[in-house]
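Labels run A, B and C following the written order; every chain starts at residue 1.
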Amino acid sequence: MKPTPLSIVAALAVVVTYVRAIFFTPTEAIQGPAQKIFYVHAPAAWVAFLAFGLVGLASVLYLWLRDDRLDRIAEASAEVGLIFTTVVLITGPLWGRPIWGTYWTWDARLTLTLFLWFIFVAYMVLRGAIEDRDMRARYCAVLGILGALLVPFIHLSVYLFRTLHPKPILLKPDTPSLPPEMLTTVLLAFGAFTLLYAALLRARYRFAVERDSAHRPDSHHA
Amino acid sequence: MNGKSVAAVEADSIARAFGARRAVDGVSLRVHSGETLALFGPNGAGKTTLLRLLGGLIRPSGGRALVGGAKVPGGSPVRRQIGVISHRTLLYDALSPRENVEFFARLYGVASPRDAALRSLERMGIADRGDAPVRSLSRGMKQRVSIARATVHNPKVVLADEPFTGLDVSGARALSRLLGELRESGAALVLVTHNIEEGLSLATHAAIMHEGRLVRMGERASIVASEYADEYRDLVAAGE
Amino acid sequence: MPTNIATWSPPVNSVVGDALLVAKKDLTIEFRTRSAFLSVVVFALLGIVIFFFAWDSTAVSAADLAPGVLWVIFTFSGLLGLHRSFGVEHQEGAIDGLLASPISREAIFLGKAGANLVFVVAVQAIAIPAVSLFYNLPLGGIALPLAGIAFLAAIGLVAVGTLFSAMAANTRLSELLLPMLSLPFFVPIVIPAAQATAKLLSGRPVVDAVAWLKLLLAFDIVFVAACMLAYPFTLEE
C-alpha cells in the first residue's frame, strides 16, 4: 500500500509522542517507569470507544440509507477498533501488575473495555459467517446498534456492583492533577492515536473497497 | 392481453439483482382475473425470483409489482389475496396436515378456519391423512397438503412454482381441477413449470423467460403446442 | 363446489392475536416432540449436580454458591433452548409461508419470543426447585420475589436470544454464533439477577434488591423494543 499523507503524519505523530514520553517526560514518583504504559493505555482506550461509537453510528445510518459505504466504514472501524481494544486489555494488566500487584482489577473502565472486545469479536465472527453481502451488512448493522445499546447497561451493572461491593481504594489511573509536562504528553498521545486510528481506518476502508470491486464483474450473467 | 382496467397481478419493468447478478432484468407483464399465465424457462432464468417478487417475498431493486392495483410487498389486505405454492412444501413437519392448513387459515383471517382447512384438504384428496404428522407422508402427499395450505383462503392471485412436483396422476388431476375452480371464481394464476404440454393445457397465456427477461409472450390460442416446444428449445439454445 | 371469494369479510388480525397463533404453533410442535425440552432440563440438572460436586461446602455456604449456579445454568440452558427456535421454520421453508401471509413481522417475532419464554420459564420451574433440593436451601420465604426475578430475567434472555437465533439460523456456524452473539448481552441480565438472588438468600429485605430489579426491568424494556424493531431487518426483503 502506498503511504498516504495521513498515514505519514500519523506515524510521525506516534514517533514524536513516544520519544517525548520515554525520554522527555518526567517519571512519575510513586509508580515509577511502569506508569509510562499509561501513555499507550489511555489513548488506546479512547480510540477503542471512538471506533465502537463509529460502528454504532455507521450501523444506524446504514439501516436508514442502505449505502454500502457505510457498511464498509463499520467493517473497517470494527476491525481497527478490535486491535486498539486488545491493546487496552494487554497494557492494562501490564500496568496494573507492577503498581497494584494484581494483573486484573474489575474496575469499571477495564470491564467495559472487555465487553467492547467481546462485541467486536462477535461482530467479526458474524461478518465471516455470512456470504451474501446485503445480509451481512444488515446483520452486522443490527449487532452494531444492539452493541451500542448494551454499553450503558454493562456500565450500570458494573457501577452498581462496585458501589454495593466496596473494594479497597485503588489508585485511580488518571489523577486530575498531572504536572504540565505529563499532561502535554498525554494530550499528544491522544492526538497521535486518533490520527493513527484515522489512518488505519482509511487504509482498511480502501482495502474493503478494492476487495468488493474485485468481486463485482460488470455483466448480466448469473 | 385484454384491455380490462386493473390487472389482478402486474409487473412493471421489475428487476432484482443479487450483488452483480441480475436475476430479473426488466420484466413487464399483466395477468387479469380468470387468466392463467404459464411461464417456461431453463434453470436459472429467474422464474422463481420473479414469482417471489410478485408474491411480495422480496423487494425489487427496480420497477414494481402490483396485485389488484396495490404495491407488493404490501400490507395485510394485499397479502390476503395472494397464494404461494412453492416447490418446497412450506410445512411444519411435526404438525398434521389439518393443523398446518388451519394455522394458515387463521393467519389469513378465513372464517371457520377448521372447516375451511378440512374442505381445502378434501379438495386435494388428502383429508383422510389429515391427522398424521406431515413428516410421515410421502413427497407427493406433502405437496398436496402444501397446495391445500396455499389455497385455503381462496386467493385471487395464485403464484405456483412447479406445483406438480412429486404429484402422482390423481394428485395432478386434483390440482388441475383446483386451479380450474380458482380460475372460474376469478383468480389469476401464474404457473411456472418445466412441463410444456402440462403448462399449455392449463394456460390462457404463455411466456418464456430467459436470463432474467421475458422473451416470447402471447396468448395460448395463438400457440401450436408442438411448435412451441421446438421454439422453446431453439430459444434457449440460441441464448447460450 | 365453486367457492365464492366475495362472501366472507376477513376479521382484522391483530399483532397480539397473530403472535399468539405463532406461539401456540411453536409450543405445539415443541411439546409434541418434547426432545428439546427434556434435553435442556437434563442439561440444567446435570449442571447443578456437577457444581455440587465441585463445591467445597466448608469454604462456601450454600447461600453463597446458589445464585452463581442458578444463573449460570439459566444462561447456558437458555442458549440450548433458543437454538431450535427458528430451525423449524427453515426445515421445509415454512418461513416463506409465514412471510407471504398477512402476519406482521413484529407478530412473528413476538410469537416466537413468547414460545421461547414459556420454554425458558418451564425449565426454570424445574431448575430452581432442583437447586433448593440439592443444595438444601429452603426457598419458601423468598419464592415469590425469586419467581419475579426469574421471570424478568427470562424476558430479557428471550428477547435477545430470539433475535440472535433468527440471525444465526441464516448463517454458517450457527451453533457457535448464537452463544458468541448472545452471551455479552446476557451478562447485564445475569448480574442483576444473581445479585438480587444473593440478597434475598442472605435474608435481606426485598427492598435491598430493588436497584437490581430496576436495572433488569430497564434492560427488558429497552431490549424487547429494540429486538422487535430489529427483527424485520433480519429478513430478506
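Observations on the model:
Please note the rule applied: a residue touches a chain if its C-beta (ideal position, glycine included) is under 8 Å from a C-beta of that chain, and two chains touch if they have at least 3 such contacts.
Every value quoted in this text rests on a predicted model; they were computed, and no experiment measured them.
Of all the chains, the one whose CA centre sits at the greatest distance from that of chain B is A.
Each chain gets a centre from its C-alpha atoms; the one nearest the centre of all protein C-alpha atoms is C.
Rounded to whole angstrom units, the spacing between the C-alpha centres of chain A and chain C is 32. Chain geometry summary: the mean Cα position of chain A and that of chain B are 52 Å apart.
Centroids built from CA atoms put chain C at 38 Å from chain B.
Residues of chain C in contact with two or more other chains: 236. Residue positions of chain A with contacts to 2 or more other chains are 134.
Residue ranges on chain B touching chain C, taken from their complex, read 55-59, 73, 75-77, 79-80, 82, 84, 86, 88-95, 99, 103-104, 106-111, 133, 149-150, 154, 156, 181, 184-187. Of all residues in chain C, those touching chain A in their complex are 160, 163, 167, 170-173, 176-177, 180-181, 183-185, 187-188, 191-192, 195, 211-212, 215, 218-219, 222-223, 226-227, 230, 233-234, 236. Across the complex, chain A meets chain C through its residues 63, 115, 118-119, 121-122, 125-126, 129-130, 134-135, 138-139, 141-143, 145-147, 149-150, 153-154, 156-157, 160-161, 164. Within the complex, the chain C residues that touch chain B are 2-5, 8, 10-13, 18, 21, 25, 28-29, 32-33, 88, 91-94, 96-104, 236-237.
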